[in-house]
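Okay, so subunit A shows up in both of these, paired with subunit B first and subunit C after.
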Partner chain A sequence: MADEGMQSWKTLALGCAMTEPGTSRSFNTGDWRGRQRPVTDREKCIKCGACYILCPDMCYSPDTEAEEEGYWIWNGFYCKGCGICIAECPKDAIEWQDEKEEDKYGQACRT
Partner chain B sequence: MAKRVGLEVSLACSEAVKLANVDVIAAYPITPQTHIVEHLSELVADGHLDAEFVPVESEHSAMSACVGSSAAGARTFTSSSAQGLALMHEILFIAPALRLPIVMAVANRSLSGPISIWNDHSDIMAERDIGWIQTFAENGQEVMDLTLHAFKVAEDHRVTLPMIVNLDGFILTHVIEPIEMPSQEEVDAYLPPFEPQQKLDIANPISMGLVGVPEVYTEARKAMLDALEKSYPVIKEHWDGFAQQFGRQYNPIETHHVDDADTVLVTMGSLGETAMTAVDEMRAAGRKVGQVRIRLWRPFPSGDFLDAISGAKTLVVMDRALSPGADSGPVATEIKSLIYATGGGPYVADFVAGLSGRDVTREDFKQMVDKAEAAAAAGDPMTFEMWGVKE
Partner chain C sequence: MMLATEALKDFEKITPKKIPEVEPFSQGHRACQGCGEVLALRLAAKAVGEKLIAVSATGCMEIISSPYPQTAWKVPWIHVAFENAAAVASGVEAGRKALIRKGRFPDDGAKIVAFAGDGGTADIGMQALSGALERGHDFTYICLDNEAYMNTGVQRSSATPYGAMTTTSPPGKKSKGQFTWKKNMPMIAAAHGIPYVATASPAWHIDLMNKVKKAVTVPGPAYVHIFSPCPTGWRCPPEQSIETARQVVNARIFPLFEVIDGRFVLTRDIKKPIPVKEYLKGQRRFRHLKDEDIAYIQERVDADWERLMALVKATNPETGE
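And now, the complex of A and B:
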């Protein structure tokens, strides 16, 4: 097993308690994904935000660095690959794309 | 000053809990534990004990409420037996995982079926691996003393683990014995107020009981195991402190005539006293027989046990529960495994006796010794036998 995120038993808090808030943000659920990721075609995207609203994790957020505002950016650190965004996109703008194992842990992905 | 009173052992347990000044009791009545919680309920209702008594709808809820109250920093007690203990099962693992120093008295009783309310150790043996510290009492005084000791050990910051005091159902719970009852001042001198090492606190929020993904579960279990193993010297230390305060010394392994003994009886719980009388009688008849009584069951005091039996040629283990499909009862299985690691050791004969409160007499113990010595001399394979089963 890859030891990413693993911690020595000697440094765990008493009773494995979580003593800091918000730590789920640093928890990589992206490695649960298979060898495909959802990729948005911005030619088809109408910026409705359905992907953001319906994502059961927190993969989509406003893309503040895009030249044009209103797009949503995908974060592979959290995406478990459920495909809900693909199924629900009203314009079929999101599609599966094969990805290599080494690319899986990528952060935000602009396409 | 301590005073000597005649008291039912269940009530002695409740009085110890009162002297420990617990904050929360969450319990569901079940035979033969009933008098323990009944008396605690009276003590709270009558204003003798300032505690919350939570009359839950099941033992599953009892242990869940105990987990919650202990996590909130309250000194917490519960008690159960047999089917009730079994209904707590899934929550029992959570208390040590969260490092919650709950104290529980288990009035040992057979698990059904057939339906039985009588005493043996099948209930607690089914909970052997829950991760709690576990001691066994032999008489009423020990129930009182071990209950006070349990709070002291469980809440020690070097331990912070839940602890069970086992007392045999009916044989102890329903018998009136002379009990040396310590005064509140003496108990307060031994047992300080509970200072939780960690608790749910709005001013300093933490989360307890989270998911342990495969990357953390093994490490979390290792940390709990380490705490259980490291509790051993603290358990002993607080027995020594108990002796200083109250004048009665307890040890993880108690011995009786073992020094020159060829054959050693191994017992756990109240039948140890019957066995002790049998040993005395065999000694008087010139036989080199001794006895080892296991007081601390978890963590198992391996070193103390091996020291105690180092001179023995034959061990006669009395199990009070079956481990169906295994080659012996749970106590003998443990002992054989321990002895195997030494690369030698005595012949081990295992007798599963006293199931569901069936009497085990001095004569039974003598016959067990005879049978074990003959089997050892004949070089028979080590096995176990259900003692006294009617063919």
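And now, the complex of A and C:
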């Protein structure tokens, strides 16, 4: 990011226009989080999608790899750790779990 | 003229099963933890869909979505100064209309939506907004109300509620924090006689998306006022931001209503309101308030609710009795 910002003005688009949409996707906001992550208990999950629709950082997306359809998968690359999903889950299926430094950006809601 | 009623006849509602999958606003934006404003913005963008032209006034949402050389927008987006989001949106609309008429540009049915904060709406952008609403441009103005100038460090605006602590209304021996009542922006917009005005809260996300979708469906100007909790500026825990947005409606402080062609429709009737104290005690910006201040707030909130009920009754004569 620091190197990306050091561009010559000659390479910039006219009027500093952004030519590519949604480039902030490459920015890691996951390191804003503390040492805890929200983990979904799929036994309790009723697939209501409250975590998906109420997440301000759009961390939850449909889990296409799960055996059963309808579950939501958490993305640690963007999660800032606000805890809205935990507070708003109607079945209290999401809980904080301590995370190690090495698996910080891994997928954690496959349990 | 019943512009909005006519346009909303065949309105296809967003339901929990039919939530649009498009995300015109992408991940990796720099909003604080638990930001209710970016959630409101995301839901609004989702409701409009990919055919969106966003005009963004200066404010939190402009800062966090466009950290150069990156952008969180996947749709055409223009940043303008604090005061003229409505003026630029009307310019975009007029320019597009002229180009389509001359055949230089296909009419793809794109919706022009101006986003601004409460400072950009109620204080600085008021004149431009009033002008744009009066001229009747076909655009939607969304005010994301977090009740102060959060991006510059919590300064008071005219939309800051009574008693709130901000850096420019500090409580102390001779001050109770903000000493004026919150400016009633939705009513000011409704007073222009525009086809559609609504208030929304991100705690009722389906309702919020439906209101934004209605606003862009209606021809002519529309105004949507969205209550957006700000954990950083309100000094409340980030996970409580949705709960705060729910409490404010349940305490009747921020009623959810629509004004369709001048007809007031209450979208969420609060039969058993929670005391305002419950809402106030969740945030540290109200911590200094004494019991008599809270009693004053309760009294005024009740009076405002009665006034709204009277308006609902007066403008719906057939269901009023």
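As a working rule, the second predicted complex is superposed on the first by the 89 of 111 C-alpha atoms of A that agree within 3 Å, B and C clash if a C-alpha of one lies under 4 Å from a C-alpha of the other, contacts with A are read in each partner's own complex, and residues count from 1 in each chain.
Just so we're on the same page, contacts are C-beta pairs under 8 Å (C-beta built on N, C-alpha and C of every residue); 3 or more make two chains touch, one makes a residue touch a chain.
Computed from a predicted structure; not experimentally measured.
By the touch criterion defined above, A:Gln36 lies against neither subunit B nor subunit C after alignment on the C-alpha atoms of chain A. With both structures placed on the common chain, the touch criterion links A:Glu88 to subunit C but leaves subunit B unconnected. In the superposed three-chain model, the partner touching more residues of subunit A is C, compared with the other of subunit B and subunit C. Of the two partner chains placed around the shared chain by superposition, subunit B and subunit C are both touched by A:Gln7.
In the superposition on chain A, A:Pro21 makes contact with both subunit B and subunit C. When the two complexes are laid over each other on chain A, subunit A has residues 4-5, 7, 12, 16, 18, 21 in contact with both subunit B and subunit C. Residues of subunit A touching subunit B in their complex: 1, 3-10, 12-19, 21.
Within the complex formed with subunit C, the residues of subunit A that make contact are 4-5, 7, 12, 16, 18, 20-29, 32, 48-49, 53-59, 75, 77-78, 80-84, 86-88.
Within the complex formed with subunit A, the subunit C residues making contact are 16, 19, 23, 25-36, 38-39, 42-43, 65-75, 77, 202, 205, 231, 237-243.
Those residues of subunit B that touch subunit A in the complex are listed here as 97-100, 160, 197-198, 205-208, 210, 212, 214-216, 218-220, 222-223, 226.
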